[in-house]
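There are two complexes below, and they share subunit A, which is joined by subunit B in the first and by subunit C in the second.
Moving on to the complex of A and B:
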C-alpha cells in the first residue's frame, strides 16, 4: 500500500478507538466506532484475492449491524433520559441493546460466527490488529456501562462464549482459526469478570492482548498458518520452539505463567460473590482450550516433527524477518505472575 | 395534522421496507428516494426547513444520483422486482404486516402516554433552554455546530476524507 495512505489509515484506526474510549457524548462514541471500522477494512484487505474480500465483507456487515444496534441503544437512552452524556447511568433497555451491540463487536457467542471466518481470510498481521486492537474500544464501552449491565444477559453471553471457544477450537488445524476461538473464549472470561469486578476484566484484556500479540508475532516470524508448518519451527528457529511452548501454555492459563493471573483473579472475584457453579464451568471449558494449545505444543516443541530433507537446513540461512519487540513480549507473557501482589494497589 | 409526523414516519418505514426486502438495487433506489423525501418532511415538521432541504439537495441530489448511476452501470440481465421473487415478496409482506401491527398498537393508545410524546418536542431539542429572540432555533443549532461542535466538524471532516482514501485503496485492485 502507498505509505501515505497507510499512515492515514492507521492513524484513523487509532483515532477511532481513542475517540470511543475518551468521549463523553454518545454520538462521538458511535462516530469513533464507525471511523475505526471504515479504516480497518483496507488493512484487512492487504491481499486482493476473493477470500480476503469475503472476509472484509463479513467483518463490515457484522460490525455495521453492531454500530446500528449501538445507535438504537443511544436513541433509546436519549428518549428516556433526555441527554447524551456517557457519565450518567443508562436506561435498562438501552443497556441491554448496547450490551448486545458490544457483544457483536467483540465476537461473543452467539454472535461469534464471523470471528473464525474473518481471521482465516486475512493476513497474520491483519489478524493481529483484529484480535487485539479492535477489542479495546468495545471493552472500554462495556467498562463504562458496567454498573447498569443486565447480569442475566452478560452471564449468558459469557457462558456461551467460553463453551463455544473451547469446543469450537478442538477440530481446527489452521492457526488463525485457533486464535479466533481463543479470542472468543477469553472474551467470555472478560465479560464474566465485568459483572463483578470490571478491573479484573481490564486485567484480563491487557494480559490477553500481550499473549495474543506474542503468539501471533511468533507465527508471523515463521510465516506459519497451519499446525503442520508450525511443526517445522525446530528446523527454522529452534530457540523459538521453547518460546512457543511457554506462550501457548500461558495462553491456556497454566500456573506459574502469566496467563494464570487473570483466570485466578476472576475466579477469586466470582467466588467472593458466592458464585461457585459458574467459575467451575468456566475452568472446565478452559481445559478444552488448553487441550488444543497442548496439541500445538506437542507437534511443535515436544516432538521433533518429521520433515523433508530440504527443510532440515533452513536454520543455517540468515533470518530475513525482523522480530519487533518479541523478546520483551515473551518475557511479559510468561513471567508476570510474581507481580500479582501488586494488585493489592487496586483495593 | 397533529399526527402528520406519525404518518410520515410510517411512510418512512414502508419506504425502507422497499429496499430492505432486497430487490435489485435499481428498484431499491426508489425506496431510498421515497424515504429521503419523507424524511425531509419529518425534519421540516420540527422547524428544520434548512436541514430538510439539505436532505433533498445533498442526500438525494448528490449521493442518490451517484448511487443511481452506479447501479445503472452494474445492472444485471434479469433484475429482481418486488413481485418477481417469492423471497422478496415474502420479506416485504412480513415487514408490512409488522408495521401495520405497530401502527394499530400505537393508535390504540391514542388517549395514553405515547401520543403526547409525539407532540411534545421538549425531549428532542437540546438547546431549548436559552431564548434566541426572533432567530429560528434550527439556525442556532446549525451555527452552534461550528462553534460548540468544532470537534465534531473536525472528526466528521476527517472521516469523510478517510472514507475516500479507504474506498480508493480498496477498489485499486492488485
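Moving on to the complex of A and C:
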C-alpha cells in the first residue's frame, strides 16, 4: 500500500479509538466508532484476494449493525433522560442495548461468529490490529457504563464466551483462527470481571494485548499461519521456539508467567463477592484453551518436527524482518508476575 | 410515552430483523442498515424538537452524514463482491468457514 495513504489510514484508526475513549458526548462516541470502522476496512484488505474481501464484508456488516445498535441505545437514553453526557448513569434499557452493541463489536458469544472468519481472511499484521487495538474502544465504553450494566446479561455473555472460546478452538490448525478463539475466551474473562471490578478487566485487557501482540509478532517473524509451518520454527530460528513456548503458556494462564496475573486477580475479585461457581467454570474452560496452546507448543518447541530439508539448520542469511519490538514484548509477556504487589496502587 | 416512539422502535426492530435475516442478497442488508438509521433520525429529531434542545438540532444531520459514509463503504464492498462472483448472493461468501 502507498505509505502516505497507510499513515493517514492508521492515524484515522488511532484517532477514532481515542475519540471513543475520551469523549463526554455520546454522539462523539458513535462518531469515533464510525471513523474507526471506516478506516480499518482498507487495512483489512491490504492484500486483495477473495478471502480478504469476504472477511471485510463480514466485518463491515457486524460492526455497522453494532454501531446502529449503539445509536439506538444513545437515542433511548436521550428520550428517557434528555441529555447526552457519558458521565451520567444510563437508562436501564439503553444500558442493555449498549451492552449488546459492545458485545457485537468485541466478538463475545453469541455474537462471535465473525471473529474466526475475519481473522482468517486477512494478513497477520492486520489480524494483529484487529485482535488488539480494536478491543480498546468497546472495552472503554463498557468500563464507562459498568455501574449500570445489567448483571444477568453480562454474566450470560461471559459464560457463553469462555465456553465457545474454549471448545471452538479445539479443532483448529490455522493459527489465526486459534488466536481468534483465544480472543473470544479472553473477552469472556474481561466481561466477567467487569461485573465486580472494572479495574481488573482493564488489567486483563492490557496483559492480553501484550500477550497477543507478542504471539502474533512471533508468527509474523516466520510468516506462519498454520500449525505445520509453525512446527518448522526449530529449523529456521531455534531461539524462537523457546520464546513461543513461554508466550503460549503465558497466554494459557499458567503461573509463574504474566498471563496468570489477570486470571488470579479476576478469580480473587469474584470470590471476594461470594461467587464460587462462576470462577470454577471459567477456570475449567480455560483448561480447554491451555490444551490447544499446549498442542501448538508440543509440535513447535517440545519436539523436532520432521521437515523438508536434511540439514540441522537452514542457511542463516541476513534477516529482513524488523524484530526490534520482540525482545521487550517477550520479557513483558512472561516476567510481569513479580510486579503484582504494585497493583495495590490501583486501590 | 407518545405513540411515535413505539412506532419508530417498531420500525427499527423490523429493519434490524431484516438486516439479520436476509435470504440471499447482500443489498437487502445494506438497505436495512439505512432503514435503521432513518428510524433513529426521526426519533432523535422529534425528541430534540419536542424538548427544545436548539443546539442539538445539528446532531441528526451529523448522524446522517456518517451513516451515508458507512453506506458508501458498504456499497463499495458490495461492488467488490459483485466483481468477483457476478451476483451479490451471500451464499458465495463461504471461503473462510472452519
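In the analysis below, the second predicted complex is superposed on the first by the 341 of 347 C-alpha atoms of A that agree within 3 Å, B and C clash if a C-alpha of one lies under 4 Å from a C-alpha of the other, contacts with A are read in each partner's own complex, and residues count from 1 in each chain.
We adopt the following convention: contacts are C-beta pairs under 8 Å (C-beta built on N, C-alpha and C of every residue); 3 or more make two chains touch, one makes a residue touch a chain.
What you see is a predicted model; the values in this text were computed from it and never measured.
**Student:** Once the shared chain is lined up, is A:82 touching subunit B (first), subunit C (second), both, or neither of them?
**Tutor:** both
**Student:** With the two complexes superposed on chain A, say which partner A:39 touches: subunit B (first), subunit C (second), both, or neither.
**Tutor:** So A:39 only meets subunit B here.
**Student:** Just subunit B (first), just subunit C (second), both, or neither: which does A:157 touch?
**Tutor:** neither
**Student:** Of the two partners subunit B and subunit C, which one touches more residues belonging to subunit A?
**Tutor:** After superposition, C is the partner touching more of subunit A.
**Student:** Check the residue A:240 against both partner chains and state whether it touches subunit B (first), subunit C (second), both, or neither.
**Tutor:** neither
**Student:** After superposition on the shared chain, which partner residues are touched by A:12: those of subunit B (first), subunit C (second), both, or neither?
**Tutor:** first
**Student:** Answer with first, second, both or neither: which of subunit B and subunit C does A:31 touch in the superposed model?
**Tutor:** In the superposition, A:31 touches subunit B and subunit C alike.
**Student:** Who does A:1 touch here: subunit B (first), subunit C (second), both, or neither?
**Tutor:** Only subunit B; A:1 stays clear of subunit C.
**Student:** Now for A:68: first (subunit B), second (subunit C), both, or neither, which partner does it touch?
**Tutor:** second
**Student:** Shared contact residues on subunit A for subunit B and subunit C?
**Tutor:** Touching subunit B and subunit C on subunit A: residues 27, 31, 34, 38, 41, 56, 78-79, 82, 84.
**Student:** Which positions of subunit A touch subunit C when the two form their complex?
**Tutor:** It is residues 27, 30-31, 34, 37-38, 41, 50-51, 53-58, 60-61, 64-65, 67-69, 71-72, 75, 78-79, 82, 84, 116-118, 120-121, 171-172, 177 of subunit A that touch subunit C.
**Student:** Contact residues on subunit C for subunit A in the complex?
**Tutor:** 5, 12, 16, 19-20, 26, 29, 33, 36-37, 40, 43-44, 47-48, 51, 53, 56, 59, 62-63, 66, 69-70, 73-74, 77-78, 80-81, 84, 93, 95-98
**Student:** Contact residues on subunit B for subunit A in the complex?
**Tutor:** Per the touch definition, subunit B meets subunit A at residues 117, 122-123, 126, 151-152, 155-156, 158-159, 161-163, 165-166, 168-170, 173-174.
**Student:** Within their complex, state which residues of subunit A touch subunit B.
**Tutor:** The touching residues are 1-2, 5, 8-9, 12, 15, 19, 27-28, 31, 34-35, 38-39, 41-42, 45, 48, 56, 78-79, 82-84.
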